[in-house]
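Lettered A, B, C and D in written order, each chain numbered from 1.
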């Protein structure tokens, strides 16, 4: 895959390219070059820090969509052992945009459910670029029910632009499939830990996107609507997505502030794709300690707390009228 | 206007549950039916539950009229009337969210897009709610989510059936993630009602979309829709852009939802009260008929 | 609809036609005719009795398929009030070959599930001639779950040649849909009364075809395989269906003998279509008394008895080897 | 021959659970692979779990070998070995049913098409069964239904997981309605196992059809199939006659069943033991790994 450059990184990438060019020259024969290279290196370093240190919401959305960003597959491969995939909704199809499996995290057996983007174009076509069809949500629900039956905690990974808005998806009850996931997840009598690793697009993310803990990666987003579609509705102009991204309060920090997320996993400067390994390890540690804490609760308390978490979300006024 | 100001101002002009429809239209006005293009006398429209006498086109109804059309006369008693949206994200694009709210309150005489309360249908105690499409497209923000959740909780506490008349543009994006999470919150409340063994009937009217369809609206034991109502997750324009061809006739219509197995029937407005009462007759706990 | 003549009735029908012709003549002007008519009437009566008094299994199968035979629709219309139809499986479609409804029988509220053949060709096309697709069984299962949730007894009417053996039916999991009905029905914690009113074709009938009582109409059949297909397999000749029908032990009497059916509702000479009203009334009475008896049992005993009924079916040897 | 005679005769030649396959073929025989047409040495075939070393075609295996291939060596202990079919309907067409039974017993050395018993897989206690297609097409009559039901009941009583290797032509029509009702009986037993919170894994092998597919075979928590196995309700010829056009390639194959959401995976024979053991590791009650 060709190197993927996000819009806002372009100035930095241009400097980096120039630096690489200079370095390729014969420094020994051009003594003045060494100083120039040194200057440029400082400049690149400075720019990198200012550029990445405080990403705007829209820039984070772009980072969350970076093709090299670690995906559900990567977390599963790195963190879990003895993975046995569950396939199919037992009624219509096996949607590869949703991954479901029995898997082991350290010494703990769990059910994993995750949106599944591909790495290659071929994979992405099979997986519909991570946008589930109704049968994907129905497969997820089957995995939830299996977790319930055999008392296995559930770990979910969110990474979808949203449920697929296709013709046949509507006909096969996309809304019904999502709603049934919400209802099932809301009182599933096992611990549910959710990790926002990339995109958290609307109802398609929410269907497997709430539980007893919500861990967000620093550059993951979670939003009621995509910034582009929001801009389209508000301004009839998708180019104003950046404004929408800021308005929608969709970053990990926003979710912390709103009391929806529980913790944020920091990413290396520039995004998790620049050095995935420590991020994946950190996510594994966060999941493990969340499961540890939640497993100590009895089921009744667990479900009361989960309902209480949802119940508390919302800001409204209650007048005296 | 801020909600507290609105509540003060509201004192003097409390909205009332009016019968008939055409919202604020006086009786003497003439309207054109969008379906058959006939010119109709508003008084006739109102007397027929806002259904066109010529082609049976179902005009939009305000939430209060929706409830009025279903419950035993005079039995509705509103709850949580004062719960209304605020602007937690200070959302401002084109027009500030606070302005949209103020305008909606002004024109509808409602604090929020949902009206909820206790009532009786066929003399059975129910918890009933309706959404008003005029109010920011009956989108679900924190206040709608809260009111719907409280309605389910009231029903559980008082062992009532729940009846909801749903129309909605979906989630209320001006409240961002607070809005999205109302889907999970209301679905969780609906699930608790189900676990309590209490019945829930939803009535989907035109239009019902997005995060409202994909949460409490379709979690009912039985789902009915009005003729011609459009119901879906993604809006038709988005679907059309996605598939890059035109949509089949009747796409997302109530009638096609029956064929696709999603709802229990298309019920004309005039028969809805009877249908809902009949279902409650079966599902409300109690002795044999 | 033109008068439908079953193969084995043909001699009788020919005599009846001749009798009708004679009667249409001017008897007054032909005095010898009166005696001839009288003779013929006796002959017709005698033939009718010998023909219908002891129908062979294959003849009963034909009667069970008679187009004028009372169908689920007729029983529902005559016996039940306040019918509210349930439609759809909430996932793929509404299969009109299966009827599901809330309905009231006398003073009792129940869930009705029945195979639904049509009366007209148009109806039959919509209803696939009563042969369900997978979504029909999934709708039936939804109705069963509703009955469970609201403690409503279930009454089912069997009248299908079988589950539809189509390409897409296989692809959408016909076997899975039937198996899930069987599992659900087996421990549904409400009384289940089954009435065989016409055809009872194999797994498609069984999916809604067992419970706490099995009431069979005298000429209804219930079979592991259709006589024609059995003949095809055994003799490579569907014309030998009569032999197969006898071998398969598929009549109401056979089912009584095998301990599978509980009672048989007699039909008028020639079949229920010759005089439906009393048959329908009798069926209503049988259902009512069955429900009355079953409602007195507590749920635990009900389910134990249902399992015990199934458990007892089967004849095998247990050697000393 | 009547089953009691058969049992007497059987004393002298009890069948044994043999490893490898090719049923009764001696090692020195050459076979032709039906898939790649290569000529194979039976000894090689047997040593590779009866999978063609060239094209991975999975040859049929007898039930005893199915069990042997899944369980911990030497752990299988048969139950209900003496349960066998009789001829309750005195079914006679072309050939009397009793003759078919006698011939099957003679050639397979089995009392019935199902073998069931206790075993261990990855040292976990299971109740395991397998169907033998050679025995009247592994069709389910009263005896198979009884053995499968008893297996589920044994698992409930002893808190074991159930593993079933299924191949079948469907219901056994020679037992008429007694056979059809075994579908309900085995499904009811499987449901009781599920309610008891115990796991059930089924392995579908070529071919699995009719009343067996539509009952216990697909009620498992996880379902796997061997490569190329054909699994369905209606047989392909009947489907072809029904739709009056030819069937698509791969119709009813294990691989297409995965795409249609019906099973959890196609697993080569050599990996099946590991896959089943892995699943049991998750679903069998007990502490963490």
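As a convention for this text, a contact is a pair of C-beta atoms (placed from the backbone, for glycine too) under 8 Å apart; a residue touches a chain by one contact, two chains touch by 3 or more.
Since the model is a prediction, treat every value here as computed from it, not as a measurement.
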item	value
Chain separated most widely from chain D, comparing mean CA positions	B
Between A-B and A-D, the pair joined by more C-beta contacts	A-B
Chain B and chain C, separation of their C-alpha mean positions in angstrom	43
Distance between chain centroids, defined by C-alpha means - chain A, chain B (Å)	33
Gap in Å, rounded to a whole number, between the CA centres of chain D and chain B	54
Multi-partner residues of chain C (each touching 2 or more other chains)	90-92, 172-173, 176
Contacts with 2+ other chains: residues of chain B	194, 218, 260-262
Touching pairs - complete list by chain label	A-B, A-C, A-D, B-C, C-D
For the chain D and chain C complex, residues of the former touching the latter	3-4, 6-8, 10-11, 80-86, 88-89, 91-94, 111, 141-143, 145-146, 149, 171-173, 175-185, 187-188, 190-192, 194-195, 210-211, 213-219, 231-234, 238-239, 242-243, 247-248, 251-252, 256, 260-262
Interfacial residue positions of chain A with respect to chain D in the complex	82, 84-95, 102, 104, 107-109, 135, 139, 146, 149-150, 152
For the chain D and chain A complex, residues of the former touching the latter	194, 197, 199, 218, 221-222, 258-265, 275, 278-279, 281-283, 285, 288-289
In the complex, chain C residues that touch chain D	163-167, 169-176, 178-180, 182-187, 202-203, 206, 210, 222-225, 229-230, 233-235, 243-244, 247-250, 254-255, 258, 260, 306-307, 310-311, 313-321
Contact set on chain C toward chain A in their complex	90-92, 134, 138, 172-173, 176-177
